[in-house]
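The structure appears right after this line, and notes come after that.
Letters A, B, C and D name the chains as they come in the text, with residue numbers starting at 1 for each one.
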């Protein structure tokens, strides 16, 4: 095969693009994830705009660790939909088995990107399932989103943590003129 | 010093006793944690009794990993109450600073004892703060429970995970006569 | 389909059996994992026997959380071997890409089953790659074990943590006649 | 008290300064942590300079999550040295008890800042204890560094992960002219 001759070399741009494309193909828009962020954060920041929410969701999705989790989780959902996994993994994924926790594990690797302060937001939204999360959990349409619903909630929770850091930075900048370094966020 | 002559040797019983005693001293009863478990689980298991909830809370608290987190977290709360921590850690703990996440980190080491399926329950209860969690969060009384409220929520979430495993075991025992091994729970 | 009429019901025994079978199919024996445990622990417990090591490996593998991670990881390895994953996930797994960390994330959910004290053992053995780990990392044979090598190391690290808890229990039993509860281990 | 009238407001600069100062007071220099990074990475990047290692250590230490863990861990070490913790926590910290894992838990919150790919490096260095880690583990001098040795190893592991991301970025920039976004690192 011709391909075999090209030595492997990670292409970060392709990883990033595949992440956005797969979310889109599975029916999730940036806008919908941003709406989850708004649900979580409007109480604390009444002036928060949808533009800011979208921007923070995109920043979360630009992280490699997040991309790896999204690509792996959606891939497993798709293979389960096609019935291509071995039993009993196939059955556990197809039925969103409560004692299967690998979806939560991947979700946590996403939340963790902005630290432990996002854990609570993730759990809260995953339980209440507002907006897009309700649709992803509706098993009636034959689609399998065992990983995707947790992933989307985790991206929203991570974006919320990022906003909390940013807003603190803005507050300190106003008061003291000093700031956290950009890479602190 | 006489003490210096006694070589150190871990006494597991003392660690377990100190855990129960410290929770009691800080005003948290087994009954109150069990009530949180009931809030989280009654929807799924309508026949769940308070006795079962208490029993599962006690099983969680018998784990070494949990005891380590409880002892460390409450110790930090107490030192913060006495004003004995260095600034700015003292201020962050005294004010339950939102960007300080070590309390969530300890809470997660507790939830993890029964696996990732408890993450959601922890986040949910930590956000809603029913029962004892509301009291622990009331800053009006001068007490500092920055770690304790997260710890108590985490113990309740871990106990809920343990119940989910046990109930599955009971169900399979009824249907098939076979069971998960005891140390699986 | 006849199958569609049978409502889904988790069969724990099948999950456990599939875990053992898949490890065997992928060429990993209990004995080999037990040898890794011996490498990690013989320094601390000179009288440790291979029988004890095997017994502790089996106890780790009887945990649901561990089974979920093993089944999911090996499934991804197998699909990568068959070239059935979407690009660029396919390429990252086929080449054990260094910036892909989902294998480590699953490994950590295994180590965590016996708590944080196993983190160090996991990292150490994953770096040195003694015994079976060296073979799993040999890319020359065309097999893909991107997940499996981390999983096997993690099972050995978790078994080591379990031994540390058990040995402490034995020590205290000899000295004081009291013991940690069985479910503490 | 006059202080009581000043409402609490997080000062990020003070948190960052306290982190650097405490490490310095406990006898750990940036240079020494950078040397650990060099031990971990020189094999992969033969041209890596000490300046780059120092720069990456500083970037890790500028993260809030890392600062929280460093401040909390060192505080506990200091209180244990002064004998101010309650028994049995005091004894477990003073003797670096093997079954006490909160030090590893804090270390992992540090490693996690640059993702799961750092887990292996942390475990490896924590086991081998080169350079400054050997000194921190020498109990002969009466100092207690139960948390600090794990923290220092974790900062070095996180800095190594950061370097892995940066080097990939440089490589892709050379080859393709495109790059990961800066906040991806």
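The rule is simple: contacts are C-beta pairs under 8 Å (C-beta built on N, C-alpha and C of every residue); 3 or more make two chains touch, one makes a residue touch a chain.
Quantities reported herein were computed from a predicted structural model and do not represent experimental measurements.
Could you figure out which pair among B-D, B-C or A-B mirrors the A-D interface, over half of its contact pairs being identical by residue number?
B-C
Could you work out how far the Cα centre of subunit C sits from that of subunit D, in whole Å?
28
At least two partner chains per residue is the criterion; list those residues in subunit B.
10-11, 64-65, 99, 101-102, 105, 109, 115-116, 165, 168
Between the chains shown, work out who touches whom and classify the graph as line, ring, star, complete or other.
Looks like everything touches everything, fully connected.
State the interface residues of subunit B toward subunit A in the complex, per the touch definition above.
98-99, 101-102, 104-105, 107-108, 115-117, 119-128, 164-165, 168
Can you tell me which positions in subunit B touch subunit D when the two form their complex?
It comes out as residues 8, 10-11, 14-15, 18, 22, 64-65, 68-69, 71-72, 75-76, 78-79, 84-89, 91-92, 94-95, 97, 99-102, 105-106, 109.
If we count contacts the way the header does, which residues on subunit C are in touch with subunit B in the complex?
9-13, 16, 59, 62-65, 109, 112-113, 115-116, 165, 168-169, 171-172, 175-176, 178-185
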